[in-house]
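Per-chain numbering from 1; labels A, B, C, D and E assigned in written order.
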Amino acid sequence: MNVVLLLLIAVPFIGGLLVLFPGRFLRVLRWIFSLLTVLATGLLLALNFTSASNKGFRLWHILGSAESPQFFTSPITLVIAAAFVFLCLIIMLFSFGFFRKSEEADTEYYSLMLFMLGSAMGLLFTNDLVFIYIFWEIAAVAAWRLIGFGRTQEKISIAARTLLINFFGSAFMLVGFLLLASEFGSLNLGDMVGKPMPVLAGIFILCGVFAKSAVIPLYIWVPSAYAVSPTPVVALLAGMLENFGLIAFMKIFVETFALSGAWQLSILWIALASSIVTGGVALVVNDYRRILGYSTVSQLAFVLAGFAISPQLGMIGAILFIIAHGLGKATLLMGYGIVEREMGGRGIRHKGRLVANFPILFVGVIIATLSVIGLPPLLGFFAKLDVIFGILSSGRILIGAGFILASILTLLYMLRLFSSVFLIGKKPEPQMSQSVFLSILVLVISLSLFGASFAIKPLLAYIGAGG
Amino acid sequence: MLDLIVLLIFMIAAGIVAVEIKDLLASVIALGAVGFAVAIGFIMLAAPDLAIVQIVIEVLSVVFFVAVILKTTHVDSAAGRPYKPADIFTFVVFGVFALAFVYFGIRLFAGLAPMSRELGQVASHYLTQGLAETGAVNRVTSVVLDYRALDTLGETTVLFTAVIGVLAVLRLEGRRK
Amino acid sequence: MTPIVKVVVRLVGGFIFLYGCYIVLYGHLSPGGGFAGGAIIAAGLILSRLAFGTTAKQEKSASISSSIFESTGGLLFLLVGLLGLFVGGYFFINLFPSFGTQGRLVSAGSIPFSNIAIGIKVAAAILSIFLVLASTKYIFKE
Amino acid sequence: METFPVLLIAIPLGGAFLVPILYKAWRRLAEIVAGLCLATVLALSIYLAFFLVPGKPLVYLFGNWPVPLGIAFAVDKLSSLMLLIVSILAFFSYLFAIRYMDQFTGAGKFYTLYLLMLVGMNGVVMTGDLFNMFVFMEIAGLAAYALVAFGTKPKELEAGFKYMVMGEIASLMILLAIALIYAATSTLNLADLSRAFATMDKTPGFYFVVILLMFGFSLKAGLVPFHFWLPDAYPSAPAPVTAVLSGVFTKALGVYAMARILFNVYGFSRASSPEVFNALLILGLVSIVVGGLLALPQKDYKRLLAYSSISQIGYIVLALGIGNEFALIGAFAHILSHSLGKGLLFLTSGSVVYRVGERDITKFTGGLGKQMPWTSLSYNLGALSVAGMPPFLGFFSKLFIILGAVKAGFIVPAVVAGLFAVVTLGYLLKITNKVFWGKEGIKGIKESPFVMVFAMVCLVVLLVAGGAFFFWLKPHLLQPAADVLLKGTEYADIVFRIGTGG
Amino acid sequence: MIILVASLILFLVGLYAIITKRNMIKIAVGFSLMEYSVNFLFAIVGFRPGAVPPILQAVEVGKVYSDPLPQALVLTAIVIGLGVTAFMLSLILRIYNRIGSFDLEEIQRLKG
């Protein structure tokens, strides 16, 4: 039994429960406690890196052979987990500074953040369908409470709608999982490797994946959820929660089942449609959160396409894309969130030339923007390149071209957003100040994109060694 | 057999009167007639225990009915009201249900022939061994109070529940102010 | 009520009560038993109440005593069962069924006792239902 | 342990007889006696549930009469599971009621009726005799009608009357069926009946009796075509009573009795008589759909939960109708989880009514969660569990039901069961949004008294613990209970073997 | 056979009253009728032509006895029926006390 791995999954949950108690009494205590939990998670993750050869473990089983472990680590999941823990750390620090008044983010907020982290860890390292579902839903519930944190009736009802759409998808997904279970007599993905995917089960599971990761028919919750959530929560949604569906997709469709050509093709087309449609919408809306929300939908379609194409290149591209997009989009959301808080209003029309007021932030945001657009030498570039190359090299020229078009759309709306906030327009009034601490955090996270791109060789080697 | 059939026809007729008549007091009295007919029927069916209980209980339940009606009203204000479409629907559904009920009942009884069945193993044990095992000459009593005493406990409990229920429902004030 | 009714009830009431007791006690020998007898006793009491009428105070005390009698009757019957459990090892086992002479009053073990308990209980229950349902003066309070 | 079945009846019954006498002397003493009875019953049933050996039921012979002669209680793992659920919910609802009943007069009668209802449910669950089951049903039923009408407001009285009419029709149908069964078989013992039915021809008359029984039990359970009484009765009863009614009453009197008779007495199984099982499946599906859809537009806190109960009972009946091992485990898990969860939700409704005095959720402006944090927490966690969210107990029950459906090849019922979990969450979130969550609450409201909060929190803990230790519960409680049903008429053989001293 | 069917018809008369009548007393009357019919049917089940009551010292050969078990059950059922009727009447009385009518539709209207 791999205790370190068990602890890695358990610690965020335990911390999330424990933070409720000191948090009631002293504000500082809840900060310290939640920060310590994230750091402990990070430490445990580092230990897992070093002890990756350890076997996994199993807790219980309903169906299936008793040998295959329910939880184990692989290089891919460890790398993604590292990105998530880092992201969560930054967002946690960001929250400390961002919420000035205590009631804006009470103890429940930090507790739910930690639950979200815990469910990310669980989802990454489990190989059992029921556990995938459990962590998936814990994250959905945590997101529900987090999205509605403003607590006005409108926000609450949007949060409820978000939860319902996610739950709708996952109800289908559960049926799909159980169809798999009854087909193969096991709930462990390890027992199904290499088998063809049953069609009905696959469609049901895709419903859940699409709802969570916001692919075209089921992305409708994203813009409204982005519009109402507090800034750090949006960053968490974009950076972590929406990747859950893709991770499950990777585990089930890519690593386990052998997909036939028809599957690949239909998923690719759906991804392409999702990417282009939402990219086009992002070009015309004026609320920065909506732009970034549609952008997220558009970008995540790249990941889906990368996984669907699934030879080595596309798959590695998709994994890099998850990391790059998570970090980059979180940076952007936090960065523009600072602007929103300092200046008020979400529209991009009435702002401009904020470069003078937010120099540090400016640097951070520009790095992230370039990464999301996909310019070298940032991590986003390698990710996008690998995905599109993967598609092209599999011979699907039309789809590849479509994704190139989607990248161009990305370039356009990102630049539009960036320039209308920071560059063009009338001069801002002089009394605007900036939050230095928060801006530095934004800078740090965006610089990590640089760092990752310099470390891309060993990173790929590490992933490739296992995968 | 014929006497029982006549009695049953009387019971059905009195029952229809009890259901359809406008005056509630008359309805209850017709119900009493059915009850006494049932008591007579029990005597014919060689069940004197039942007849005694039925007579007493019948008297008491008529007394209860009359007590309630005397305290309130004996006019059926709902009678004679024109029927609504929903009522017609109810009648139709009930009619279909009743026909099916009687049809299946006839099918069932054709297969059963209960009047000519042999006593079951349990009942013959009660008859032959009852006195030796329980000491009661009256086999019904031996069944009620020994073989199936738990039923009797349950039954007194039902009565107790009813009493407590009556007291609870007829409290002067349900809630504290 | 008219004097005729009162006189008749005064004459008959005691006999009805006595008859009820007979039915209760001889339940194991002849038709009848705790229910029938208890109900007859209750009918007698109800009859005298109907004939003579009662004051609110009397009715209240009657109701309280009848509910106490009822609980007591229930407990007694339960006790017969529990006695079976503790003495004979089984709930409601008939203790000493062969004691006494068959066909005589003293026979059939616990059955007469059960009958008596049921008789008390049923009489009290029916009386209290009647009191609450029928009386106009009676006001039930806590 | 041998005498436990008797004690489970005798203790609450003795309590019920004592409480009215004691209440006249000293109110608190009556309350304490009632509480002691309930606690003892809880302790006994916990012991029974965990220490009863599967396949070796306790057969208690009343008056030491061997099996077909007298009345026998047969407590197997299925009965003991039901006993456990009944007594858990009865105990915690009692704790809640201690303060809640401050609003009402006549608390002595309340506790008496409450104990009698418990006697009835325990009796139905344990008895091995058809007529005895009817008697206990009447005890429980009468107590329930009285408790529904306990507030004596016109609305409550009318709901009580309606409930009584429906319940008594059901009882008389069942009594008629018992008479017909006796005419055909000359016996009433369930085990003996099972043997008699095994050799009987499956004529239309035979199925007529089955239909009469199913009709009666469906009415008692409140399944959809027979559900009219339920949405009136549940909101009218005092909250702790509603918790018991919704949580265990309909399940003990309706679902349990139906399952016991169809599976163990008639010996039906999906393979041998698919028509009966398809009927159950359809009843369940219709209940899920209609109950769920009717719950969506409701504005009354308790009425919404009442419709939800119809829907959830539908899940249980659906699982019985699927009839394979997974579905039956799911059915029992759902009985457990829905009892605790819906009981909890009704208790929170009581807590809100106790402090705010209002049930119409459109009149709330939200934000009650600030003033009543524990009630809010209980409601939210209970709602998540009832909707089938992991990691609560409710998730596992739905998981197993859907798994059973999928395994048996019923894809459409599986999808419907999954989708109506979403609908469930949808209508339950309505209350969260309108009542508990939000910016500003109602002025001058504070959290309910400690015992009420304690009762709710205990149920929440049970729900969470049930989820966390589900895979410990499954082999100890649920699997043996499902096995009892799966083995069908083997029940009769075991009871006969033990009951005749062989 | 005819007797059994006739008691079923009495059962249906009671059910008819319960389902179609709007007066609560009539509904209670309907329940009483249903109870009587079921009890009667049960007693018929225990009867055989020419039977004598099961009150005896010893079973005599050649005599036909009626079945004591259904009689015991009917005894129980009768008393249960009395309890049910009494409780139902108390509910009716209380509703009348509160509303001033036995009419169910009236109650629905007043309740609103």
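As a working rule, contacts are C-beta pairs under 8 Å (C-beta built on N, C-alpha and C of every residue); 3 or more make two chains touch, one makes a residue touch a chain.
The model shown is predicted, which means the values in this text are computed figures rather than measured ones.
If you take chain D and chain E together, the chains in touch with both are B, C. Chains touching both chain A and chain D: none.
Using the average of C-alpha coordinates as each chain's centre, C ends up farthest from chain A. In terms of C-beta pairs in contact, B-E outnumbers the other of C-D and B-E. Averaging Cα coordinates per chain and for the whole protein, the chain whose average falls nearest the overall one is D.
Remark: chain A and chain C have CA centroids separated by 78 Å (rounded to whole angstrom).
Inter-chain centre distance (chain B to chain D, centres taken as mean C-alpha positions): 29 Å.
Measuring from the averaged C-alpha position of chain A to that of chain B gives a distance of 70 Å. Centres computed as Cα averages put chain C at a distance of 23 Å from chain E. Contact of a single residue of chain D with at least two other chains is seen at positions 13, 17, 20, 62-63, 105-106, 131, 135, 138, 142, 145-146, 149, 152-153, 157, 160, 183, 186, 188. Among the residues of chain E, those in touch with two or more other chains are 15, 45, 53, 55, 57, 67, 69, 73, 75-76, 78-80, 82-84, 86-87, 89-94, 104.
Across the assembly, chain B contributes 48-49, 53, 57, 60, 64, 68, 71, 105, 109-110, 114, 117, 119-120, 122-123, 126, 131, 137-138, 140, 142, 144, 146-163, 165-167, 169-171 as residues in contact with two or more other chains. Pairwise, the chains that make contact are A-D, B-C, B-D, B-E, C-D, C-E, D-E. Residue ranges on chain E touching chain C, taken from their complex, read 53, 55, 57, 75, 78-79, 82, 86, 89-90, 93.
Across the interface of their complex, chain B is touched by residues 1-10, 12-17, 19-23, 25-26, 28-30, 32-33, 36, 39-40, 43-49, 51-59, 65-69, 71-76, 78-87, 89-94, 96, 101-106 of chain E.
By the touch criterion given at the top, residues 366-367, 384, 387, 389-391, 395, 398-399, 402-403, 406-407, 411, 414-415, 418-419, 421-422, 425-426, 429, 432-433, 437-439, 471 of chain D touch chain A in their complex. Against chain B, the residues of chain D that register as touching in their complex are 13, 16-17, 20, 62-63, 65, 68-71, 102-106, 109-110, 112-113, 116, 119, 123, 131-132, 135-136, 138-139, 142-143, 145-146, 149-153, 156-157, 160, 180, 183-189, 192, 201, 203-206, 208-209.
Contact residues of chain C toward chain B in the complex are 23, 27-36, 39-40, 42-43, 46, 67, 70-71, 73-74, 77-78, 81, 91-92, 94, 97-100, 102-103, 107-111, 114-115, 118, 121-122, 125-126, 128-130, 132-134, 136, 139-141.
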